[in-house]
Each structure stands twice: as structure tokens, then as C-alpha cells.
Amino acid sequence: MSADTAVRSVSTDRTGTPLKTRSPLYRRRTRAAWGFALPFMLLFMTFTAGPVLMSLAMAVTDLRSRDLRNPLGVNFIGFDNFVAVLQDPLFRKAAANTLYFVLVGVPLTLGLALGIAVVLNAGITRLKTFFRVGYYMPVVTSIVAVAVVWRFLLHPDTGLINEVLGWVGIDGPNWLASTTWAMPSMIAMATWRSIGTLIIIFLAGLQGVDASQHEAAALDGAGAWQRFRFITIPSMRPTLLFGAVITGIGYVQFFEEPFVMTQGGPLNSTLSVAFHTYNQFGFGNYGYAAAMSYVLFLAVVVLTLVQFRVLGERDTPRRHRWRRTPVARKEIGR
Amino acid sequence: MNRTVRAGSAVIAVAVLGLAGCGRGDAGTAGEPQEAEEVAEGAASGAVEVWAMGTEGEALGAFAEDFVAENPDVEINVTAVPWDAAHDKIATAIAAGQTPDVSMIGTTWMGEFAATGALDPTPDLIDSSAFFEGAWGSTDVGGTNYGVPWYVETRVLYYRSDMIDQAPTDWAGLTAMAQEMQAGGAEWGISLQPGQTGAWQTFMPFAWQAGAQIVTEDGTEFTIDSPEFVEALTFYQSLFDDGLSPTALPQGSLEPGFMDGSIGSFVSGPWHVGILDELDSAGMANVALAPLPAGAEQASFIGGANLAVFKDAESRDAAWKFVDWLSQPETQVAWYAAVNDLPSVASAWDDPSIADDAFLSVFGEQLDTALAPPSIPTWEEVASVIDTELERLTKSGADPQEVSTSIQEQAAAIGTGL
Amino acid sequence: MSTTTKDAPTPTATAGRPALRRQGRAIGAPRAHPLAYAVLGLGLVVVMSPFIWMALSSVKGEGEIRRVPPTWWPQEPTLDNFTELFARLDFPQFFTNSTVVAIAVTLGNLLFSSLLGYVLAKFEFAGKKVLFRLVLGTLMIPGMVTLVPLFVLVANMGLVNTYAGLILPFLAAPFGVFLMRQFFLGIPDELIDAARVDGASELRIFAQVVVPLAKPAFATLAILTFLGSWNNFLWPLVVATTEDKYTLPVALALYSTGQNQTDYGLLLAGAVVVVVPVLVVFLLLQRYFVQGVAMTGIK
């Protein structure tokens, strides 16, 4: 970001002229925008926002399964559920597990997917379709098949991973039964399953990177890695943000891997908050589980805000990105 | 908060609606036995909607044609529902008032669904003495019976008959058997669940064999922490500590391990016969079954599924008549022939097709002493506490008394829901 | 970055500068590197192995599937799983249901989400910030918490056991809005302004200028939405009360999962059957992931 760009208020039009909030142009834009938004909003308010409000109401009552036929007969208990959630030792364990999972898993998945997408896009010329389809396979493979193969890979005696480790003299642990190694196994599995979706998102994003900028930079002596860092990545910012947010949301709510492989064990070392919440819904503790879901929601919000801060678009005029930046200033990009 | 309701209006709501078990503040009325309405005489008529899970759901539609033949004015519509998330489906249906007339319900779900007030108490039309005691017990929630047991399953000891001469009849014998098997070359003498989902079903028989009681007579309080319970925990732990049972058997290794002799025995239900047969048909000659060894008494776990009629059923009388028809011994035998479900009616077991089967007769013998867990609304949650604590017992070497007290405390905090 | 996959394209000659070539190809065009193939290939093997195992195991008998360690090549291949599956399953009905629902949800999302995503990316208007935060916020709410309220709502609307009940709740998904917004951010404002100056209406600008530029985004959203809808299990299970409204995943679970055991042969055969349409859609759409966004229109 160039230091000499003033931070403008958001209310400007494309040419940088501040837009008066009551100007005719603004009003016309607003009408057009809401016109575009209307179909979505109608469906959204009915089928998404409505149930969300109802579930918020659930979270401040002591609704249990016995009240299902008579939801109005419950007691309003304010934030008691939320307090109980935060005091629940199982919840705390699950929260710690989830944090571990997210902090390690999100960067790992993003980095791996971006790397593969870039290589897929620029490093090969043939078999692109084949590779693209291949990397998307984990996303469409049934979780049952995934579980069987991963159990085979992680088998303490005959598993492939321990066999390979044995070649270099390491005695591999009983992965899924070890309280230390079960979580890394889950992270590996989740990464494996998630890169496919991210790869196609990043591939699509890579298409938007301007070829002429690459030419200009190369002319001025920038190498491939520099061009990647200062041209590709900044152009990919919105896509990267999307990938990070989606992965973050998915990982904070990770559920399927422990559900299928370890049922939260051993000794609750792979219990995730989403799994704990699922159990609570299963027990019929609807109010409590709803409160737990919203605690999880708050965690996601915090994570997303952090990601927006790091990867979100800056308040610089977007047109600057499309103008050829003078490279002679030894400051490629911003 | 559009759902904020003051305690006062909750009481008014209870009074107006007259439903048991909703609104809180005073002791719940769900514990009081309810009166069952009678069923009118005569042939059934009307459309009966039935939900059934798995293979039962598939086969019931065609099977019910005999009932329709006897009652021409009735229509039986069966919708098959997958076991995955069937619990959620029934719960959401209750919440939205979209329940069918009859549904198959897992035995461990009875307490929870009965407490919603959605189930209809069982009328006198049904002869309760026909069923196995343990099975009938699973329909009793707080003194009222809901629905009927449809089919049952119970747990017995599967063992390699080529590794030992005789099946054990008591706990000491069980330990000795496992040791003998390991001396004879097996890696594990017995494979028991060390913890996690469903482990309580393998452990509870030991507790019942020791004579432990889980709840009081009226089902309002837990009595888990008792010397008998600790005794069972100690014995269970000893099997792991002595290296007789694995604490970390990879999923899917049990059946192949048993058939190739690295695992000498395990505890499971009727479904494993088919699985083992598919895996290694020739090896079935070395597989034998025996009732679980006794502690102070004999006991095992009884599970299966019940059939419940809903209060909001449109064709209530026809629904109960259909349920009654399914509980007749002849129908139960025919049902066994159709889908291999073990009858919940004791006299059905006298039929040659069942009595003559070597494996089945062991299950039949075990059913006489098999017990169901308490049908309280919170049972699933308490069971998961037991699962977690069992894991601590077997994998972390926790002290049995401490585990017992811990389970009692957590269960008491959850409450029985009655 | 160049867009075609095989030949080195002719880069556009920008004003006053000859087209840049190095070794006969443009800068940034894909270059075949043997190491790249090796790395990608290795990764591919790791990534595809469960799928291959799934496909191979669907023609194995139940006993062989349960063997430990798992076998790869079937020792006694049999089509029994598939014949049993098609015999027991009313396949055309379930397939039709799944297809109708998935296509409706996908088309709906492509339309509604892109409209909203576009204005969130490119317009300044009253309420924009609030709207974006609202939509993004609901994306972050765990799905299971709204299951019961949503079902009660749908039941009160009389939509239980209807196609509408299967489709409507997913027609307006925040995920699509967010995805499209991020992609639309990358479209140069100059193009839109130029069209405005030419006097085109906003809708026309969207349809004729913006949409063609965002093909990768539409393709991505289409495949992700289709996949999500196709594999959706819990909602169709809850909403359908008669089997004729079941979708494929629900029907497959019906026939393969039991109370205490699973029929793996049927399950895997079902998994293979379910995956084929998704792969077809993916193959049809995947070329659009990398279709070029012609940037030269600016210069």
C-alpha cells in the first residue's frame, strides 16, 4: 500500500469524488442495489434469518426435548446457558482441541491448496483436466470410503504411514489411539479433504491476475518468485480472503473427522465443539446446545474479523491496481 | 425475545393445555402414571401411517398385506427411514406436529420421546405378559407403558470353541478362559469395549450381574454408586490391566482377528453371526456362543426396537390393532422368517424355526435374564457419561471407586428427567 | 497470466512495446516443468487413493471388504452389490428427486447470490455494510442449531414432504453471496463505468458486461452448490415423510446402515453411484474455472 494514498471514506464513487449520501446518484444506486438484492433477501429473511432468531430464543431458555410439543412452556433463563457452557469442563477441552485444529489446520490447508493451484495453473501444460479432477476427488468421495482408507493408513502395525516411518528407523505410534497423535491425524485428514475445494476456488482466482503486469515486472527484472509475491498474491487477495474465511468457518465447526474416526476420543482428545454440540442436541438439551452453538459462532466471528483485517481489501482506490505501477521505484506492487 | 415467557404464563399454559411434563418450576408431572384409553372392538379401519427403520422398513409394507387382508377397510402406509439420524427425524417431527400414527423407536429413545408427551400409553388390548420381561421393561417410562417391544437383541459371549473346552459360567471362569486362550497362542483372550460410544452396553451386564441397581424403583434418583457397581468396575478393569483385553483395537480388526485366532472371544449381539459368516464361512465351525458368565446373578443387555403409537395419531384404534397383530406369536415367527429379527414375544421362540437353531437358542436362553437400562428421558446423556468414565477406567487406570462416585455425581447433576 | 492450456498464446502487443516472449512463450504462461508433474503426481496418488479404493471395493463381497489389511484389487469381483442396490432401490425416483432439487438450488443460487454479490462488491448504497455483515454473519452460524426451528417453520408453511420444502431453504445461501462478491471485486470498475457512460441500465450492465467476465466464479459456485445439494442428507431426511420424496443419499443410507451394523457392500456401491453425476457436472464445468478474463479491454 503506497504511503501517499490517503485513506478515503467509503462513500465515494469510482472516480474518487466523495458521494453525498443524499445525492440523487446515491439514491438511484441504492434503489438499484436493493432491487438486485430483493429476491435473495426475501428468501433469506424467511428461511435463514427467521430460524436464526428462533434459535437465539431457544438459547436463552431451558428448552429440552420434553418441551418439543410445547415450546412456549419453557422458562426464560437469560444467559444461564452461556455461563454453563463456559463452565463445562468438556466444553473447555473441546474448545482447546478446536483451537489447536484451527491454528494448525487453516494455514496448512491454505498454503498447500495455493501451492498446488499455482503449480497446476502455471507449472504444467498437459493433463490439466486430469489433475484438476483428481484433486477434487476427496471432496466427492464418501466419508465411509475415506474413513476406511485412512484407518488403513494409520494402522499401528500394518499401516502405510508407520511402514514408511519404519524405513527411516522411526517406530510410529498407534495414531488414532494416542492422545498426542490423534489430533494431528485429524488435521491431516481434514487438510486432505479440504484442499480440493480450495484448489478450484484458487484456480478461478488465478485467472483474474493480469498478464500485462507480469510482463511489465519481468521486463524490469523481477524473478518468478518476486512476481508471485508482489503481483499474483495481491491480485488474489479477495480470493484468498474468501478461501481463508470459508476454511476458518469450516474448521472451527469441524465434526466429520472425529465423528467417523475416533468419536471424539481417545479420552476426548479429538472432541470438537461441534461434536460436543451435536451430542447435546442428541440428548435433547436444545437450549443448552443452542447456546453452545452461538458461543461457537462468536469464535467464528472473531476469527473472521482477524482474517478480514489481514487479508481484506484496503481502503485504497481499486483503480490503482489496474494501472501499471512504475517499477523503477524499486517498489513493486504497493 | 419473542419467546420470552414469564413463569406465571407457563403455569397457565400448563393448566390450559393440561399436558403433563411441560412448564417447569414444580416437580414435573411426567413421572405420574397415565391412564390409557381403550381401543374399540371390531376390524380396523382408516389409513395408518407407519415409520420403520432399516430392513424392517423395507419389508414391513409387503408383510402388512396379511393384516390388510383380515381388515379390508384399513390401509397401511409404511415409510422406511434410515437409522442414521432417525432420532433427529422423530424429534423434529414431534416438534412440528408432523408425527405418523406408528413409529419404530429404538429402546434407548423411549424415555426421551415419552417425556415429550407425544406417545400414547399402551391400552389393555396388548397382553404384556407375552413379552420378555426385560423387553417389556423398556416400554415403562415413569410407571406408564408406551408402545410394545417389537423385536429384541441381546449380548452373548462369542468364543473360539477350538481354543477351550467349555464356556465359562462365572467371572473367575471368564478370566481363566481368557488366560488359557492367550497361553494357547491368541494375542488377546477377550475383546471388550474399553470406552467410547456404546461401551456401556458391554459393561452394564457386568454391573447387573453383580446386582447393581441404576435407579430407584420409581426412577427418580440414581443409585449408581454402590459396592456392587464398584465390584463390576474392578472386575472390568482387571481384564484390561491383566493384558487380556486390548485397550486400543483398531476399528474393523475385531472380526478378522477373531476368525484368524488372534482374538479369543468377544461380547456382541445376533448381527455378528452374519458378519462372521460372510467373512469366513468355513471358520464358523470353530465359533460358539454362550450366555454371559454370571456374577452374583445372570444378566445381559437387552436392546432392539419398540413400536409406539403417537397421541396425535389420526387412526389411533387401527394403529393399536396393527401393533397388536404384529405382537401375536405367529406374526412374530413369520417376521423372523422375513427379516431375521428376534421375536420379543417369548412363546414365539418355541417355534421350530427358532428353537432348533444352535446359535439362536443361546440368545433365547440369555433373553430370560437380560435387562434393559432404565427408560428415563435422560438415559442417553447418562450413558455417554458412563462411556467416558469407562475410558478413564480402562486406559488411564483410574480407581474404580472414584469412577463410580464420579458417574454418580454427573448423573445426579443431569437428573433422571422424571 | 495466460489462459489457454496448451500452446503459448500470442500476447497482446501493448502500446509502444513489442509483445514479450522468452523462449517462444509469453511471460507467465504455463511452463511444463518435470518436477511439477512429479510433485503433482505424487500428491494425486495420495489424494485419489480412497476414491480408487471405494470404486474397487464396490465390486467386492462383504467379507472381502471387511478384511484387514484392506485389499486393493478385488479377489473375487462381483456385481452383486450393484444388482442388489438397483433391485431394492427405486432408483429412477430418487435420482429424479435429487436431480430436480440440486439443479433448482444451483440455478437459484447462481441467480440470486450473484445479483446480491455484485451490488455488495460494486455499489455504494444505503445499508450496504449492514447487509453484508448480516449475510456473512449467518454464514458463520453452525447449521445444526437452526434445524428444528427451520423445520417447524416449514411445517407451518405446509411445505413438509414437498419439493418446495426441499428447495426453498437453500435457494438463498450466504455462501454464494460471499463467493460472488469476492470475485466481482476483481472486475475493473472502469468497465462498468464505461458501460454506464454508454447509458446501459444496471441490469443490462450486469448481464452483458459483468457476467461474461465472471465465468470462473459462476462455474465454481455451480459445482460447489450442486455438490452440497446433491450430498445433502439431514434436511431431505427430515422434510420427506413418504419415500417418494427421498433424495439419493437418504435412500442409500436406508438400505445400508443398520441399528448395529453396516452393509458396506451396498454402502460403497451406493457411494459410487452417487458420485457419478457430481463428476459429470464437474467435468462439464471445470473448463470454465480457467477460462480467461479478457483484461485487455481496458487498455
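Which chain is which? They are A, B and C, in the order written, and residues in each are numbered from 1.
One rule holds in what follows: contacts are C-beta pairs under 8 Å (C-beta built on N, C-alpha and C of every residue); 3 or more make two chains touch, one makes a residue touch a chain.
What you see is a predicted model; the values in this text were computed from it and never measured.
S.K.: Can the chain contact pattern be summarised as a line, a ring, a star, a complete graph, or none of these (other)?
M.R.: Basically all the chains touch each other, so complete.
S.K.: With respect to inter-chain C-beta contacts, which pair, A-C or B-C, contains the greater number?
M.R.: A-C
S.K.: Could you give the separation in Å between the centres of subunit B and subunit C, each centre being the mean of its C-alpha atoms?
M.R.: 41
S.K.: With centres defined as the mean C-alpha position, give me the subunit A-subunit C separation in Å.
M.R.: Using C-alpha averages as centres, the distance is 16 Å.
S.K.: At which residue positions does subunit C touch at least two other chains?
M.R.: 68, 148, 152
S.K.: Which residues of subunit B are in contact with two or more other chains?
M.R.: 88, 91, 95, 97, 250, 252
S.K.: Specify, in ascending order, the residues of subunit A that touch 2 or more different other chains.
M.R.: 54, 58, 68, 148, 155, 281
S.K.: Which residues of subunit A touch subunit B in their complex?
M.R.: Residues of subunit A touching subunit B: 53-54, 57-58, 60-62, 65-76, 148, 151, 155-156, 174, 176-177, 263-268, 279, 281-285.
S.K.: Under the stated contact criterion, what part of subunit C meets subunit B in this complex?
M.R.: 61-63, 66-68, 88, 147-148, 151-152, 154-156, 160, 233-234, 237-238, 241-243, 250, 253-255, 257-261
S.K.: Quick check: in the complex, which residue numbers of subunit A touch subunit C?
M.R.: Residue list for subunit A touching subunit C: 10-15, 19, 21, 26, 29-30, 32-34, 36-37, 39-44, 46-52, 54-55, 58-59, 68, 116, 119-129, 131-142, 144-146, 148-150, 152, 155, 158, 192, 195-197, 200-201, 203-212, 214-215, 218-219, 227, 232, 235, 238-239, 241-242, 245-246, 249, 253, 274, 277-278, 281, 286, 289-290, 293-294, 296-297, 300-301, 304, 313, 318-319, 322.
S.K.: Subunit A touches which residues of subunit C in the complex?
M.R.: Touch residues, subunit C against subunit A: 1-3, 5-6, 11-12, 14, 20, 22, 26-33, 36-37, 39-40, 43-44, 46-51, 53-54, 57, 68-70, 111-113, 115-116, 118-119, 123-129, 131, 134-142, 144-146, 148-150, 152-153, 168-169, 171-172, 174-175, 177-179, 182-183, 185-186, 188-190, 192-193, 202-203, 206, 216-217, 219-220, 223-224, 227, 231, 262, 264, 267-268, 271, 274-275, 278-279, 282-283, 286-287, 289-293, 295-296, 298-299.
S.K.: Can you list the residues on subunit B that touch subunit A in the complex?
M.R.: 1-7, 10, 13-14, 17, 19, 21-25, 28, 30, 87-88, 91, 94-95, 97, 112-113, 115-118, 195-197, 247-248, 250-252, 377-378, 380-381, 384, 388, 391-392, 395-396, 417
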